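Common to both upcoming complexes is chain A, partnered first by chain B, then by chain C.
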Partner chain A sequence: MTIMQHSNPQESRSALFVYLKNPLLVAFILIVLLLTAGEALSPGFASMEQILRLLIVAALLGIVAAGQNLVILGGREGIDLSVGGVVSLSAVLAGNVMDGSNANIIAAILVCLAAGGLVGLINGVGVTIFGIPPLVMTLGMLGVLQGLLVVIRQGIPSGLAAPALANFVSKPFLFNLPGIIWLWAAVGLLMAFLLMRTSLGHKIYAIGSNENAAYMAGVPVRLIRIMLFALSSMFAALAGICILGYSGTSFANVGDSYMLSSIIAVVLGGTPLSGGKGGYTGTMAGAFLLILMQSILTTLSIGESGRQVVFGLTLLVLLLFYGRSKALRG
Partner chain B sequence: MSRLKLQQICKYYGATTALASGDLLLERGEIHVLIGANGSGKSTLCKVIAGSVRPDGGTFELNGKPVMLFGPQAAREMGICLFYQELSLANSLSIAQNINLYHLPTHAGGLIDDAELNKRAEHYISKFETVIGEGFTPDAPVAKLRPDQKQLVEIMKTLASEAEILIFDEPTSALDRSQVECFFSILRELKEEGRSIIFISHRMDEIFDIADRITVIRDGTTVSSRLIEETDHSTVIRDMIGEQPEAAALEASLAPQAEKKTESCLVAEGLSGAHIRNVGFSLAKGEILGLGGLHGQGQSTLLRTLFGAEKLQSGTLLLNGEAVHPTNPRAAIKNGFSYVSGDRVRDGVITGRSIMENVSPIHFLKDKTFLAFPSVLARIIEPALGALNTKYSSLGASISSLSGGNQQKVVIARWLTNPPDILLLDDPTKGIDLSAKSELFALVRKLADEGMAIILYSSEDGELLAHSDRILVFNNGSVSRELLGEDKTRFNLYEAAYSGAQ
Partner chain C sequence: MTKAISFKSRMATLLRRFPFIPALGMLMLLFILNGIAEPNSMTVRALKGVASTYLALVFLSVGQTFVVYTADIDLSVGAILSLVNVSIVVIMSQFGGEPYVVLLALGAGIAIGALCGLMNGIVVSGLRMQAIVATFATSILISGIALWVLPVAGMPAPSLFWKVYGGRSYGIPNVFFFIAILIALLAIMAKTGLVTKLLAVGNGQLSAYQSGLSVTRIRIYGYIICGIFAALAAFCITGDTASGDPLVGGAMTLSSVAAVVLGGTALSGGIGSAFGSAIGAIIIGLISSLVFYAGVPSQWQNLAQGATILVVLMLGVLASKRINQ
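Entry: the complex of A and B
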């Protein structure tokens, strides 16, 4: 009898725990709760227009987080701390190449993606060929990029978004939704297809789960990891272009906040930092949730520094919950 | 009165019996050799004596008095010291500190007395003076030493315990001939002083060189204990094998048909690498070539080298008449190789992913597929899993939800989507259940009959004898003997494995 009495609460507690262990579900519950709380704090918070505004900001983060997601999925402590630097670089490059003219949009996109690809390639080669831990490699890269931007621009706003780009980001484009939201949806579809319906997706999960087993099964581990870093920087570059469209001009530090927030969005969405499981759908929810939190904190008149503290704490709490669910393999 | 008397010592780990009935009588001034096949329980018995494993039953008498040991420290206080097979050195400390680890000399305040430390270390180092090699000074850090030098430090550390009963569990595996001889002369001196020594080795010549008495353990039970004058190589080997009529019958019934397979598809000459030396063989289509011998004699390394996972330093490899150089698994797979590891957690299972994702990689590689639609993949994956009678709920289920045997089947199924020409099996049945084992070997034989060339290493000698057409026995990285036809018996396998090259 004693055993029975003991086992019942135990079971119900573990059932609750199973639900809490489903990060996607938790993220959606939190989104609804936060929207409700926001509406209570300041009526109109959960209005359609406001949600749309949040979605635009979330899309910018979500595109950066797509790349971050890929690098983290690839395992072996994969992380890309240089995304913020690439976002800034890309915004500055795009602004200067475009210089306010629609005619230069294509050229600007090409230049930015190429620059991003190059940065990612260097990250990937450093990590795989020279064996530099991703944390160190990408942090070093971030330093280099920030230094470069300071030297080039001295912190002065520069460049000008082409009108078409600005419209694409913030004005209704199709079915009353801005283009950036369509772009984010496209990125989401592309990521889902890549991860779940292509052999490359299988291989990314394989190297993230058990790199040695993947290697023994003929997966080109290094090539794929380099590719992940390159894709990460290219997604960041794409986001940088969109951010230029969002703000009209570009600053050398416009991307700084994306380093931490892109990681939080990924982890919030259920991809553990140890890699090998999770996916982009969760990350999209994570990005929106994060932007929602940010907005609530703003509503509560908590400044930028306060928000950073809250974000940092969020990441720590998340890692406590999800990060340890799978120990890193030695 | 014997110095040490163990009777019916037993030790269980869950359902596994490590030791069923271990008996041992150790006299004063005796070098007593323990021998038995892999996993027979020798090391467990030694650990019981040294206090690092608590027995589940039996009697233990030291100098005629029953004792209970609570840990290695207690055993050392009673004058028992064990040399561990897995070296237990503190890598960052100096040679002198390691040698004195059991009794660090200290000043009154508790600080280490370096002068005394070095003096004592010098004493033991000087015994090995002629064979220690370069850089072996008391203050040198152990981390920088060669494997044989580390083994010598461990030996010196054991000697420095000055225990009355010294146990050496495979102390000579990394040593060369002159080092072994030096060590043996020291053992003989200790014996003259009246100490008792227990010695484990797999090298038959060494054993007959040093032993006063040989005790054979089989399946956790002491089966014989004879004075050296009363025994010889074949008696020891017969004791190790025992009477196994069923196994012998099985081995005979599964013995291969006449050698009709002559078309060789893989010819290796002079293969050398980190743990293999000058290995040569020829493998025919439809043949199952067995690799035998003691653990870790290069069998696994050879397979991994053929697969490109270990570096091949020299030698030639002809695949269907064309030279190939295995540089990495990917290249080897494209050449028609496949590899199944017994260490499926390290080399096989893509942890936490679905069964489908665990089977798909070879198909992707060989068919150069980019799209991965589950419905299309299922048509390729299901037959492969079916060939092994794999039990699973759905292809999307996580591989971690399966039993060990079924996980291994999934890993093997990966190769069956696009059958290879050569299948390398590296102890493939390690840790899987009996029915999975027999299904696996039935499949292996079927694949061979269909013309696949197979190399099988198994740590279970019975498996090897039953399922291979021909056996290469490995000793210290090279092939010491080839067993085929009527010579392919357990006796010959043991003799070749334990007695070394012929």
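Entry: the complex of A and C
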């Protein structure tokens, strides 16, 4: 039977197709291809230093995308549009609390995580207890956060990153790798452990694929969903602190670009927006792929408009591979 | 007891036919609050100001509704608005600001909007990509083209354009005529049956397909209408700002989604009204003017506005949910 299957060309073609449908593999192949193309376009693009620089930027996006990934996995049109606002808020708060001094780093981290957790809690309560669709709730929250930023900044340029934080993000920390890459790796391990090895992880997939069945089986659906939103905002807050370390000072709306790119990273990594399927390893590859694409485009001398056109088209082609819905004609 | 239930079910029927009723109530309330905070806000002059500033958002939100009817979403409306804005300004300044050139530019603008909508429709409905991410990708593409058409903001629109938009006919500000045209347009569209088909698709794609509707094509129509309304919104922006700016629409996309929800249209599709979205857009405008008139310190205005919109969004969703139960 097995021999017959192997000899059947139709079967082996569909086996190849199954591999091509594996987002992680596709992302990996694309990353290698893009690095080769980048090296051909401008020698030194795929050098170790340059890849490290890309990894730092990808780590910032990847940490935001971790929270986004959790919310999307939880299903019921789960999506968090407020992550960009939380990133900006956290960068400003961290800068103000730190004010360029290493002694205040712990306090800054605590303040930012608490603020992020609170935002996520409100999102989660709005979505679960009040039954507001996640898109509407987090969109409204984004408006509140943007207003809050104006109040906190008071029109004055905001605080400074502590030197230790700046070093952690961009200088070699351990085995010649910057601390932020270790942090991202830790987030990756934590997410993999949470999603694959803990009962909480299994429950997240359960509510994502069939909320009613999960509820009947005794899963505390509301509590878990609130927690997912809280985690999402806390990951965004963590990324905000790192972004402050990366840029030195916090400037206005530094987080705006993370809102939709975190969603794209998740989708490119093979987690469909309908939830219940996928994981974080793919999202990490998706985040790196996204940053790599943007970086290759900056090496081309086609101007800002050309860059955007090519980026948009490439995204469309990539999205053609992932998460397309089934045809109505079964 | 039975009386209470029948009242509730009658309310539900009413709300299903006119989903914008809660929004209309909210609009009245905000109107009165604005009048109390600042009596001058009730003058024709002040109303004209609010109308000409928010008419673009009104058109954009109305367009967004036709996509949300089928449970889709269009995150590229702001980019389409920007592209049409810069395109018509460049066309008019290339060929001079004579009336026939202005008409030509308007025609070109509508064609551009329709083409962008067609592209979104093909990508989302034809190729079956997820609407949120796919229209975000097309928005990057469209913004890129807008930047190519006009790299920096500031090219002025011909005077004919903004004079008509800001002017008066028979003593009545022209923007009020545009609102009347919009209402007429919506009334005509409601008669065509396309809205019913869009709503049917939103209620359930499979059942719509099984009852013989060409779901794919209907969803594409929704996106094309949305693109055309984004072009109309661009005309309003051009009339209001009198210049071209490749980034002008960026911030308006999410506001249009908020306005659609405020107007009683469900993001899950199948229920709603474009008229409600127009009211939703005006609600957003009245909230920001109320925050201003109520004397909130300038630093706190954005926060007050954001918090009020969030609360109003939640109340609106809760109200329609309570009654529909």
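In this text, the second predicted complex is superposed on the first by the 280 of 330 C-alpha atoms of A that agree within 3 Å, B and C clash if a C-alpha of one lies under 4 Å from a C-alpha of the other, contacts with A are read in each partner's own complex, and residues count from 1 in each chain.
Convention: contacts are C-beta pairs under 8 Å (C-beta built on N, C-alpha and C of every residue); 3 or more make two chains touch, one makes a residue touch a chain.
All of these numbers come straight from a predicted model, not from anything done at the bench.
Contacts of A:Ile243 after superposition on the shared chain: neither chain B nor chain C is touched.
Once chain A of one complex is fitted onto chain A of the other, the partner contacts of A:Leu70 are absent, as it touches neither chain B nor chain C.
Once the two complexes are overlaid on the shared chain, A:Arg307 sits against chain C while remaining clear of chain B.
In the superposed model, C is the one of chain B and chain C that contacts more residues of chain A. In the superposed pair of complexes, A:Leu273 makes contact with chain C only, with no contact to chain B.
Once chain A of one complex is fitted onto chain A of the other, the partner contacts of A:Leu165 are absent, as it touches neither chain B nor chain C.
Judged by the touch definition given at the top, the superposed model places A:Leu231 against neither chain B nor chain C. Touch criterion met: A:Met216 reaches chain B, while chain C stays clear of it. Of the two partner chains placed by superposition, only chain C is touched by A:Gly126; chain B is not. Comparing which residues of chain A touch chain B with which touch chain C, the overlap comprises 326, 329. The touching residues of chain A, counted against chain C in their complex, run 77, 79, 81, 126, 130-133, 135-137, 139-148, 150-151, 154-155, 260, 263-264, 267, 272-273, 303-313, 315-316, 319-320, 323-329.
Listed in rising order, the residues of chain B touching chain A in the complex are 307, 309, 328-330, 333-334, 339, 341, 346-353, 357, 360-362, 364-365, 369-373, 414. Looking at the complex, you find that chain C touches chain A at residues 73, 75, 123, 127-130, 132-134, 136-148, 151, 205-206, 209, 215-216, 254, 257-258, 261, 267-268, 299-307, 309-310, 313-314, 317-318, 321.
Residues 196-203, 205-206, 209-210, 212-220, 276-277, 326, 329 of chain A touch chain B in their complex.
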